[in-house]
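First chain written, first letter: the chains are A, B and C, and each begins at residue 1.
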C-alpha cells in the first residue's frame, strides 16, 4: 500500500533553492554588469506576460492542481531565466564580464520558454525539485544546441532560438516516456478539470494567443517587425477557425473539445515563429495557420492516445501536437520557401544540407539531454509523488484556512 | 416533449467554417498584399486584448456557459475580423489589391467589436453557426453603413466607426426581439451566475475598463491622442462612482448589483468614444461620464425588464443600456457641443441636418439588417438549441474528464 | 444577539458618493485644464493595470468576498485618484488652475496605491463608506507628508512618493489595531479561501509581479529607466526563489503556503521601489530581493500571529510583511549605499540626518493620520458590519440569479 502522506520535500527543495540562488548571486556579484540599454521594455514585458501568466495559467487546468500549475511555473521560470542569463553570458563572455541588458534577459526568457514547454509534458507527475532540475538541464541543453548550431553551421541566433518549440517538446516527451510508471493506470485519478479550472486555463491560453504576435516580432529587425506581427495574427486567426472546424468534425456528436481547442489555436503561431524569416505574404501565413491547425488537431485526436497506449508515453499538456509538430512544420516550410526563392542550384543544395543538419543536431541534442535528465529524475532521492498524489495541490501546499466543501 | 440531446452541429458548423476559411484564403491569396507599415503594434495589441479577453470573459457570467462565452467569442472575432478586412479592402480597392497593414487590421477589429456587441444580446440562446452568421451579416451591414455615411454625407471614418456602439446594440436588439421563443419562460432555467463565474465576468469587464482609454485614442491623430486618453479615463472614473451610487439608491436594501455595475461602469467610455472629437475640457468628460452612468443605470433597472415583459425582448448582456443608450448620448453631445462651438448660423444648421441624417441612416441600416439577419436565423436548418439547452456548455462542448460534483 | 441582516448602506453610501462626485466635478469645472502632454500613455496604462486588476484581484482571496474585493477596489481607486489629482494640483497651483496631464494622473494613482495598501489591512471588516473615508484621509495624509518632506527637507518627489509603501502599511496597521472588536474571535468565521478564489488572488498577484518593473521605471528619468526595469526584475526573481525556499523551510511538513508566497514574492519589488535611485549593480538588486524576501517571510510567519495575539491587530492581507518591512528595508539600503558612495564626511552626516528625519516624519504623519481616521471610523454612524457579516459579499451585494448550491 502506498503511504498515506506525500513525502516531505523540506530537506530537498529548500537546500536546492538556497544553493542555486546563492550560486547565481555569487556569479552575479563577480561577473554581471549592465551595458548600454536598448529600449526593449515593452517587448520584455510582453514576454514576461506570456511566461508567467500565459504558461502559468495554461497549467491550471487540472482541477486540484491550480496553485501548483501557476506557482511552480513562476518558480521554474525565474530560476531558468537566471541560469540562462549566466549560460548565455558565458557564451558571449566579454573581458570576464557577463554584460546584461533587456535584450539578454529577453533571450534568457526565450530559453526558459523551451523549458516550460517540456514541463508541460510531465505536469502533475513530478515535484518541484524535479521541475527545477528539468529546467536547469533543459536550458543547458538548449543553449548547448544553440552554440553547436552557431559554431558548426553558422545558424543565426534568430533562427536557432525559434527551434525552442521542437527542442522543448521532444525533450519533454523523452522525460515523460522514461518516467512512465509501470503501476500507473491509463489516467491518473485526479487528472480532471472542472468548468472553472478550465476557464483559468482558457485565460492562460488566450494570453498566449493574444501576445504571440508581439512575441514573434521581438527578435526580428526593425524593418520586418510589423510584418511579423501581421503574419502571426493571420496565422493565429486561421488556426482558431480551423481548430474549431476539425474539433467538430472529429467528434461523433459534433461537439468541441476545450482542451483540443486550447492546444490547436496556438499552432499557427508556433509555425510562424519557426519559419518567420521566410514568410512574406499574407496568404503564406494563412496557409501556415491552416496546415498547423490540421496537424495539431490530428496529432491531438489520434497521436496522443496512440502514444499513451502503444508507447506508454503520457503527455499531460499534449506538447507534441501543440508545439512539436507545428514547430517541425515551420522548419519544413522554411526549407521549402527557401528552396523556392533561391535561383542558384549550388547555394540551394548547400542550404538544404545545412538546414537538415540543423534539425538533426537539434533533435539529437534534445533527445539525448532529455533521456539523461529523465534517468537522473528516476533516482529515488528526489521523492517522486505517488500515483494518488499526482495532480494534487495537497501534496505540495498547506491550506490553513481552506473552505471544506461538504 | 423536447428531445433529450442537443442537436448535433457537425454537419452545419464544420462545413461553414471550412468553406468560409477557404474563401477567405482564396481572396487573400489573390488580393492581399502588405503595404508600408505604420508603427501601431501596441495599439493593435490593446484592441486585441479588448476583443479577445475583454468581451470573451465578459461573456462568461452564465454559470454553465463559460467555455462557450469565451470560446465562441474567439471564433466569431477572428472570422469577423477576416471578413471585415476583406470588405474594408474592397472599399479602398487599389489596383485590384487589398492593401493590408496594422491599421487595416485595427479597423477590421473595430467592425468586429460592433458584431460582438450584437452577440451580447443573444448570448446563450443561439448556437455557433448562428453566431457566425450574425457576425458576417452584422459586419457587412456596418461596413455598408460606413460606406453610405461616407458617400452620402462625407462623414469621416473616425466619426462613423464610433457609431459601432449604436449600430451593434440596435442590431442585437432586433435579433433577440425577433428570435424570441413563444414557449420561453421569463428567464431561462440556466441563465444564472455563481460567485466564481461572476468574477470571471468582472475580469473581462475590468479589462475593457482599463484598456478603454487606449482604445479611444487609437484613431485620433497624434496631437489629440493623449487628450483622448485623459478624457476617457476621467469619464470612466466618474461612471464608476455614479454607477455605484445609483445601484445603491435603486436597491431597496441599499445593495449593489454586480451585473448592473459591470454594465454601467463602461458607459462613460462608450459616450466618450462617440463624442471624442468634440470633447475638450476635463469637466466635459466628467459630465459625460456622469450622464452616461445615469442613463445606463436607469436603462438597466427599468428598461431591461420593461422590454422583456412588454415587448418580449430578452437582452442577455443588457446591450441597450451598456452600449446603445450611452452611444446615443455621445451622438447627442457631439451635436450640442458642435452647435455651441460654431459661430456661423448656416454652417451650424447644415451640420445639424447632416448629423441627424447620419444617425438616421445608421439606425435604419442597423434595424433593417438586424431584422433580415433574425429572419434568416429563424430557419430551422440552423438547429437553434432548445430552451433547456440554452446557456449550457454541455450542448456544444464535450468534456471527457470533467469532475462530477456529487 | 446580532441582527439577522446587515445594515443598509443606502442612506450613507449613495449621498457620500454623489456629494463627493459633485464636489470633484465642480472643482474640475472651475480649475482643471489640460497642459501640454508628455507621451506617458503606456506608463499610465501599466499603473492602471496594477491598481485596478492587480490590487483588485489580490483582494479576492476570501471565498465569499470576491465581488467586494474587486468591486470596492475599483470604487476606492477612482475616488482616491480624483481626490489626489485635486490635492496634488493645489500643491502645484498655477494661476488658479490645476494643470492636468498623464503625468499628474500617474502621480495621483501612486498616491492611490498607498491607500489601497492600507485598505489591505482592514479588508473584509469594513463597509464601502468606511473604505472611501479611509481612502480620502489616507491620500490627504500622504500628500501632506510629501509636502512636508519637500518643504522641510527638500526631498525630491521621486524619493518621497516611493515611501508610499511604508506610509500605507503603517496607516493600515493603525486602522486595524484601533478598529479591533472586543468580541471578535481569533479569526472571522468567513475569512477563508478555496482553491478557486486563491487562484483569482494569484492572478492579481502575478499581475502586480509582472508589471512591477514597469511601475518602478515610471518616475525615473529616461537615462536610468531601463536599468530600473532590469534591477526590479532581478530583485523580483530572487524574491520568488527565496520566498519558496523559506516557505518550505518554515513549514513542518515541507509544504508551501500560497498566501505567504503571494506576500513574499512581491517584497523584492517593494524594496527596489524605495531604494531605486541608489541601486546600480545587478548583484545589489539581487541581494535586495533576497533580504526583502527573508524579512517578509519571517514577518509573515511570526509577526502576523504575534500581532494578532499580543496586540490584537488583525492584518488581513499582511500589509506589514508585504509592503511595510520591505519598504523600511529599502529606506535602510538607500541610507547605507548613500553613505558608502559619499566621500565627504560632512555631506554624508547631513544626509544621514536628513534621511532619518524623512523617515521619522513619514512614520509620524502616517501613524497620526491613521489613528485619527480610525477613531472617525469607529463612529456608529458608519454602520460597521457585524462580525458574522465580515468577509461576506451578501452584506453588500444583491444576487437575483445566483445559483444555489445544495
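Here is the rule we use: a contact is a pair of C-beta atoms (placed from the backbone, for glycine too) under 8 Å apart; a residue touches a chain by one contact, two chains touch by 3 or more.
Model, not experiment: these values are computed from the prediction.
> As a multiple of 5 degrees, what angle does the CA superposition of chain A onto its copy chain C give?
120
> Are the interface residues of chain A and chain B largely the same numbers on each copy, more than half shared, or largely different?
Homomeric contact, different residues on each side for the most part.
> Using CA atom averages as chain centres, what separation in Å is found between chain A and chain B?
35
> Would you pick out the residues of chain A that each touch at least 2 other chains?
42, 196, 203
> For chain A, which residues are in contact with chain C within the complex?
Residues 5, 8-11, 13-14, 17-18, 20-21, 24-25, 28-29, 32-34, 37-42, 44-45, 48-49, 52-53, 56-57, 60, 64, 66-67, 70-71, 74-75, 78-79, 81-82, 100-102, 105, 128, 196-197, 200, 203, 393, 396-403, 405.
> Applying the document's contact rule, which stretches of chain A touch chain B when the two form their complex?
42, 46, 63, 187, 191-196, 198-199, 202-203, 206-207, 209-211, 213-214, 217, 225-227, 229-230, 233-234, 236-238, 240-242, 244-246, 248-249, 251, 253-258, 261, 265, 281-283, 286-287, 290
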